[in-house]
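First subunit A sits with subunit B, and in the next complex the same chain sits with subunit C.
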Partner chain A sequence: MSDVRLTIDGKEVTASRGMTLLDAAQSVGIAIPTLCHHPQLEPYGGCRICTVEAEQGGVTRLVASCIYQVAPGLVVRTRTEKVNRIRKVLLEEMLAHAPESEILLNLAQDYAADKDRFEKEPSFCIHCGLCVRYCAELKQKHAVGFIDRGAQREIHFIPEIAGQECWDCKECFPLCPTSALQAAYVLTEALLTPAKKPSCCS
Partner chain B sequence: MESATIDQIIDKHRGEASSLIQIMLDIQGEHHWLPREALDRVSERLQVPMSRIKHIATFYKAFSLVPKGRHEVHVCMGTACHVRGAQRVLDTVQDLTGISPGETDPEMKFSLETVNCLGCCALGPVVELDGKHHGNIDPGQIATVLENCEQGKSQGPTTR
Partner chain C sequence: MCRICSAETLEKTRQEIRLRSDPSTPCIAVCAGAGCLASGAAEVIAAFEVELESRGLTAAITTRGTGCPGFCERGPIVVIHPQEICYLQVKPADVAEIVATTLVDKQLVERLLYVDPATGSKITREADIPFYKNQQRNILGANSRIDSKSLDDYLAIDGYAALAKALLQMSPDQVLEEIKRSNLRGRGGGGFPVWRKWAESRNAADPTRYVIVNADEGDPGAFMDRALIEGNPHSILEGLIIGAYAVGAHQGFIYVRQEYPLAVENVNLAIRQAEKSGLLGNDILGSGFDFRVQVHKGAGAFVCGESSALMTALEGRAGEPRPKYIHTAVKGVWDKPSVLNNVETWANVPLIIHQSADWFAQFGTAGCKGTKIFSLVGKITNTGLVEVPMGVSLRQIVEQIGGGIPAGKRFKAVQTGGPSGGCIPASQLDLKVDFDELTKAGSMMGSGGMIVMDEDTCMVDIARYFLNFLQDESCGKCTPCREGIRQMLKVLNDITTGKGHEGDIELLEDLAATTIGASLCALGKSAPNPVLSTLKYFRHEYEEHIKNKNCPAYACKSLLAFNIDADKCKACGTCRRSCPAAAISGAKQQVHVVDQQKCTRCGTCFSVCPSAFGAVQRLSGAAAASVSATMTLAPEETG
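Coming up: the complex of A and B.
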């Protein structure tokens, strides 16, 4: 495994090839906020809160550090004004969907994000995909998935699988940066109850 | 819904998981919608989780998880059609079929959808019926077009 030398926030960092910028930054104690990242899951790059500036050959690009791989001579800046501004707006947008989320509110303080900037549209989901990916990749149960697309996209439990697997697992609950998962789970529970009733009542 | 026809479609694509969307399109083409049993069968045969199938089925407008009528009416509401009176066309179609966009009539004859552009703006306003385009359509002609579709089907494939 060949080593790659790059600079992150002025610090010389030696990383191994194939590492992400996020891993490299964390290895030298530079914190980058993340929401959709999970060390045991495949990189996803969904929430974009980990956006950083990456400069190579005089060209600066904004990249998601959780999926962008280290490269020799790369100059990474994690807290520029531009990066801060992007994270601030992202947080404001996400807070419109999940106004009560503690993780988001804490980050909002760091980036001076106004939680009331955008009209509230509480879907309680910021599409981080943690529950979906955890269930598919680690548990391999596929009990929860996404349905629909764009602004209408939401998580959805497959009742047949959820009824069998979820009660004894619920490992995806604490992963959720909002409370969407619980809400959806309760919904499935509600959906399953009437279906069961006839058999238990007869 | 015959499970044999579903198996036939799956076999045609050699049961490959990479052909999932094509298989779903074939089932949609055959039955005008994706019945639950068919998707269960596809999931089982292709070893693809139902969550993935549902994601795809709800992602693409080409798929329907509810039964569709024998004839699919698409009224173009794109900009060019809009300025040429697409709304009056849509109103007429709704009056004649008794259904709103996204609905299917109880006889399962028509399903109505609005689309945002059919890509033939010079023909506007356009109504697409079972894949056949009817351009420069006048609200007065719609009744005839809708009436003819049942016979039109028996005359063989329509030109697209």
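Coming up: the complex of A and C.
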């Protein structure tokens, strides 16, 4: 694979073609925050917290570094005022839903985000889609999915599949950056098999 | 029909059709577009058929259900050919008189003619009505000349001549070159040069390529694509086949929203007719070029009008946009090069090939060639579809063609570009309408929706309305769009209900910047436009709402109060009887009073109070608050 030379935060970086800006930055020790990214899953570009500025031919664009691929001569800036501002607002928007999420609270400190800027609507889920994509792409079970759209979008376990697959798996639980996933599963479990008690509790 | 397998058989068929139909034979053309059908056109057509039958005139006079000519305000529209006598708002009960007077006695039914509001004179011919006269109907014009369901009718007006020319006399590169010379830009919103998209797909390494019609018209108040695909489906098909030939695609898709049942029906019928007669399938017109088309019905998501979301939906998955850092023209449906153009864009293609790029480029401005169809709706006298050359001023569209604002109200703004477009104020009425000028003014062309607003429209409320639409229609995948719209909408809801705070405008601007900067697709990136453009031109309205709890347009109900001026009230009882909430008390010779607790602020009392009295006051801001407060503290004794 041919090499591509680009600049990230003033550093000359050599990356292989097809690599994302996120991976290229990480390869030289530049950290870009991510929430919906998972090295084993297809890039998603949903949370947008990894947004960076990418300049080519005099045109600067804001792009999601987890998806955008390296290109020769690209000048990438990961911590400009604009980028910081966007990350701050995104964190504030997500903290309205998941005010206790440790990952979000830590990032909020880095970006001076006010966790109480917006009225709390604790749905807990920040729609990173890690559970949905992990279950679909790696486990190929599709036991959890998104329903509805826009502001009404939610994650839901599909009872028919979850009832058979999830109890022995639960590999998605530790992926969740908030506590939403477990709660959603427990709810599904309870609705699906009200009589059945987990064996560990008997 | 015989199989059309060469340029010769196509021309022969065309001649036969023309010979069969004598242009001097009277023909009753009734608009059978969705708008006129909704106002009873099907019943009118049926009544004509019954009437002609009973008079034994079916052989001498034909009846035809045509595509939409655009003057939807006055439907059902009936045009009697060859004289082009135009009757408006025709009801089945008018049919017998039309047949007896116009078709038999060759006289006019005066009462059904258009009356020019400026001169009061009656206008007989369709083309002389100001609404039509000031348009340039290159594309829409054909709608009223054909039966939407008839391939023969399309062939009679030179249909598929452009296809024969492209396939048999031109190489794909020459077709591409002609489109490039025409400078045709995509009519779906972005205004991207069509040839560039085509060339990108054509030059892509993958030999399997697709061409797609985007008929997922979802903007509130926009219906030009519906009129085209319903009214003249073969023109879209012809454009698509020509595009496929230029790009090197052998499979096409028409993505049409299922809320357009007539469009789905007519385009499916057109495909079957084209397949049967050899205009689709293998070896089209003996050229050796193979092409097939499939219709895909959209399931009702606005975001699926966005190219990558449309393609994801076409693949059978949830219609969510995906990053387009690699263009869909290179990596689209099933990762294959896919050219997606809007209905109106495809409709332009046969015209350019048939009549040449030079002909096309004589219309429009330096950067934007050709015509554009707008759907003119809202507070406008002539609601309907208007086709004008690019570069015509907004004033010409609103005043000359649209006939201005009804009920003597003042023009306030026009919203263009659909929910993600912007509002343009009266001071910009002389703006030349094209892709670039609208963008400069802080709005956009979009697919061509134009919503006219008068002085009674609150601009903060309009922004709220569009954000509310977008909150539902965002796919919800990315944070800045999903959450940004949610938070902006909350602020707007607060402002319009009197709960705005200082700093709200800055908060809106901050949220908008993040939504524009970080959103994944065009829906999110343009979602703050309704807020930003109204802030740009009507910032004082936001400030009035926030600081003084005052809605200058008297539209935000929470900020209103209605009060009866005791000195002016003549106790006529009109308002009391009309009040749907029974909130007005009073009796004969007893001044009337509004109970602010019961009042729903519908404004009925204000509009029914005789203008000679003018006793009902419509209040907002401090005045409204004081009226409400007084009433709450000490309800006046009326007895």
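Note that in this section the second predicted complex is superposed on the first by the 193 of 202 C-alpha atoms of A that agree within 3 Å, B and C clash if a C-alpha of one lies under 4 Å from a C-alpha of the other, contacts with A are read in each partner's own complex, and residues count from 1 in each chain.
Note that a contact is a pair of C-beta atoms (placed from the backbone, for glycine too) under 8 Å apart; a residue touches a chain by one contact, two chains touch by 3 or more.
From a predicted model like this one, the values you see are computed outputs, not experimental measurements.
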| item | value |
| --- | --- |
| Partner chain(s) touched by A:R79 [first = subunit B, second = subunit C, both, neither] | neither |
| Subunit B versus subunit C as contact partner of A:A136, first or second or both or neither | first |
| Contacts of A:G46 with subunit B and subunit C, given as first, second, both or neither | second |
| Partner chain in contact with A:H156 - subunit B first, subunit C second, else both or neither | first |
| Contacts of A:F146 with subunit B and subunit C, given as first, second, both or neither | both |
| Superposed model, subunit A: greater residue contact from subunit B or subunit C | C |
| Subunit B versus subunit C as contact partner of A:M94, first or second or both or neither | second |
| On subunit A, the residue positions that both subunit B and subunit C contact, one per complex | 146, 148-149 |
| Residue numbers on subunit A that touch subunit C, as the complex places them | 45-49, 51, 62-64, 67-69, 82, 85-86, 89-90, 93-94, 96, 118-119, 126-127, 129, 146, 148-153 |
| Partner subunit A, residues of subunit B touching it in the complex | 49-52, 54-55, 58-59 |
| For the subunit C and subunit A complex, residues of the former touching the latter | 301, 303, 318, 322-323, 325, 470-480, 482-487, 490, 510-511, 513-514, 517-520 |
| Residues of subunit A that touch subunit B when the two form their complex | 132, 135-136, 142-149, 156, 158, 160-161 |
